[in-house]
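One structure coming up, written as structure tokens, with questions to follow.
Chain IDs A, B and C follow the sequence of writing; residue 1 opens each chain.
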Amino acid sequence: MTPLLSVEGITKRYGTHIGCADVSFDLYPGEVMGIVGESGSGKSTLLNCMAGHLAPDAGQVIFDSRTDGFRDTLTMSEPERRMLGRTDWAFVHQHARDGLRMGVSAGGNVGERLMAVGERHYGDIRDKATDWLGRVEIDASRLDDRPTTFSGGMQQRLQIARNLVTGPRLVFMDEPTGGLDVSVQARLLDLLRGLVRDMGLSAIIVTHDLAVVRLLADRLMVMKSGHVVEAGLTDQVLDDPQHAYSQLLVSSVLQV
Amino acid sequence: MIEYNFAYLDEQTKRMIRRAILKGLAIPGYQVPFASREMPMPYGWGTGGVQVSAAVLTPDDTFKVIDQGADDTTNAVSIRTFFERTAGVQTTTATQEATVIQTRHRIPEEPLNDGQILVYQVPIPEPLRFLEPRESETRKMHSLEEYGLMHVKLYEDISRHGHIATSYAYPVKVEGRYVMDPSPIPKFDNPKLGDMAAIQLFGAGREQRIYALPPYTQVTSLDFEDHPFEASKADHGCGMCAATDSYLDELIIDDTGGRMFVCSDTDYCEARQAAGHIGKDNGGKDAA
Amino acid sequence: MIELKNVSKTFTLHNQGSAVIEVINDVSFAVSAGECVALTGASGAGKSTLMRMIYGNYLTQAGEIRIGGVDMVQAEPREVIALRREVLGYVSQFLRVVPRVATLDVVAEPLRTLGVSADEAQERARGLLTRLNIPERLWSLSPTTFSGGEQQRVNIAQGFAHPYPAMLLDEPTASLDAANREVVLSLIEEAKTRGAAIIGIFHDEAARTRVCDREIDVGRFTPGLAA
């Protein structure tokens, strides 16, 4: 099996400050990787570098694209990268309003990606949007409502539907459960777990919530001050952390 | 005539605008930025169209101005008078006789010929603006041909009204490349945009954009496979000239809800009446 | 099926003065298909630690742990995950689930991740839950609200849903009544019969005697205790 994504030596500096330094890993099809660390540890910088939102100072992000095989997405032309962002890739923002069009109905939000890749049959687009609302547990009667009338959890689920409707293979998630109620979080996590399993998705999830990665991630990277200090199987890193910082991070979680 | 340079604008400004027009003609549907000048009229009264007209007028031209199809509204009259005074050109209300026609929100019913120029006044040139407020982003969408968002607008229309309810400023795709706002003409006029013998120029003064359609350009109105584009109009004949193929205005004629439909193109309607076509509200038999 | 060679482990507690604790030193043994081996030793001898090392949950510093041809010590995370999905089952003492998932789906989950259809997986789950005396009215509820004994039985049902060729059992009969204890023991015996290699921790001596073929005293390998 070949990796879906090969990240090599990603480095991003903000002046003299290090955003992230020399990060490398391979992600295989169907794998979910979590990136944890405190605020400012460089996990979001890394995610944005990989997803093409930030230009790193050094490194490669090689992706096995459906259309032309292995490509370094950092040296791709912008139209190619944006096309990738609408087809093979998806990005789930922490704040749903960053990833949704708040002035457009739920159906239009889900349908946009379909229309962006050339679907021109209203009935088909609407059927797919309805199907996806169902998959993220939003009642079909809300299809024509705007996301402004949705709760936070529903908005987040709508964002996920909008991202997954074109059947991406790699999903980047930035604190997908941040800012949500604990009860809503559990539902979202269970939903994500089912979707990842059923669609065979690969995902990279940035979070500071260790419970989230324990449930969703197969593998874990722990970051501190821009460096990856430990990486491995999720339950192994959480239950038997080796690095001093990982031990501190795990032992700092309040037990309920 | 001694108070002004020919057609009001100085020659350097006209050269600048002509360069923008030529670029627009070379890239049909592409919005060319230009340094719009202050004109002696408020924004929204056609400052973009007036600057384009001023840049293309020659002393031999015959000039016509229509506002929603009519030659006799305040706006049409004042722009016509403006060029009579500043350029001394011939003016007319007859579509056939005009060489340059400045229009607000209509295309004349009479087919235009090569040698004629149609100048549109445009309030908002960016068709993507209502869904994407960032200029940097809409420019990128045009350059990368990312037009999914335009269909989102039509999708929203159908989901809310059961059909595409957009009835004016209906977006078109030009030569399979740029999505363009045809200015707020009724969608009834959209089919006339394509394959037209005349040159079509679009000027947006406040937004500082010029774009163009050279003669015989392919122009397609956007739609869905299962909701195809339809050039609709009121389902009546003209009350004055009995025409059934023209775009009609609805007029309320008394306080009891009485109404009549008449051609919005006054020149077309008057020519038909002069040729003996009489509508039912004009003493004739029921045209339908 | 399961083979340990010169396996050692230490814990380094960086946040407590970098104390280094040796827990397991130089363990070697093998368990073949159809065999059940009990780990014994006093509390703190490292039985659970060794079990977790075999499962890949704890990092092993030295040696080899071979399960079905894969060395858990050197394996990539994805290899470990594939092994856990298909080959190596683990019944821990605690049930860990997403709060709102129905019991039936919790038990069917291991089969679903193997690509078994939802109907087939649920059918198998129903059978196991019935055998383990979980009342049908609870199946649609999340097990998080169940009593300790019920949770333990759901955990066992989940652990036995897929016929793993290798299994690790951590106190599978703890906190069970006689009837359910009997069901669990027969599940273990059935697994042995179909050829599963099993390593278990049983405080219940009678159970140990009944299902286990051998005992390994982990205390022998524990540096502090052996001295």
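FYI, contacts are C-beta pairs under 8 Å (C-beta built on N, C-alpha and C of every residue); 3 or more make two chains touch, one makes a residue touch a chain.
Since this is a predicted model, take the numbers as computed values, not measurements.
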(message) How are the chains arranged in terms of who touches whom: line, ring, star, complete or other?
(response) line
(request) Kindly work out which chain lies most centrally, taking the average of its C-alpha atoms as its position. (result) A
(request) Averaged over CA atoms, how far is the centre of chain A from the centre of chain C? Could you give it in whole Å? (result) 32
(message) Using Cα averages as centroids, what's the distance between chain B and chain C in whole Å?
(response) 77
(request) List the centre-to-centre spacing of chain A and chain B in whole Å, with centres computed as mean CA coordinates. (result) 46
(message) Considering only the defined contacts, which chain C positions touch chain A in the complex?
(response) 11-15, 52, 56-59, 77-78, 80-81, 96, 98-101, 112-113
(message) Looking at the complex, which residues from chain B come into contact with chain A?
(response) 131, 140, 144-146, 148-149, 151-152, 155-156, 158-160, 223-227
(message) List the residues on chain A that touch chain B in their complex, please.
(response) 78-79, 82, 86, 101, 103-105, 107-108, 111-117, 120-123, 125-126, 143-144
(message) Can you tell me which positions in chain A touch chain C when the two form their complex?
(response) 28, 31, 186-187, 189-190, 193, 197, 214-215, 218-219, 232-236, 239-240, 242-244, 247-248, 251
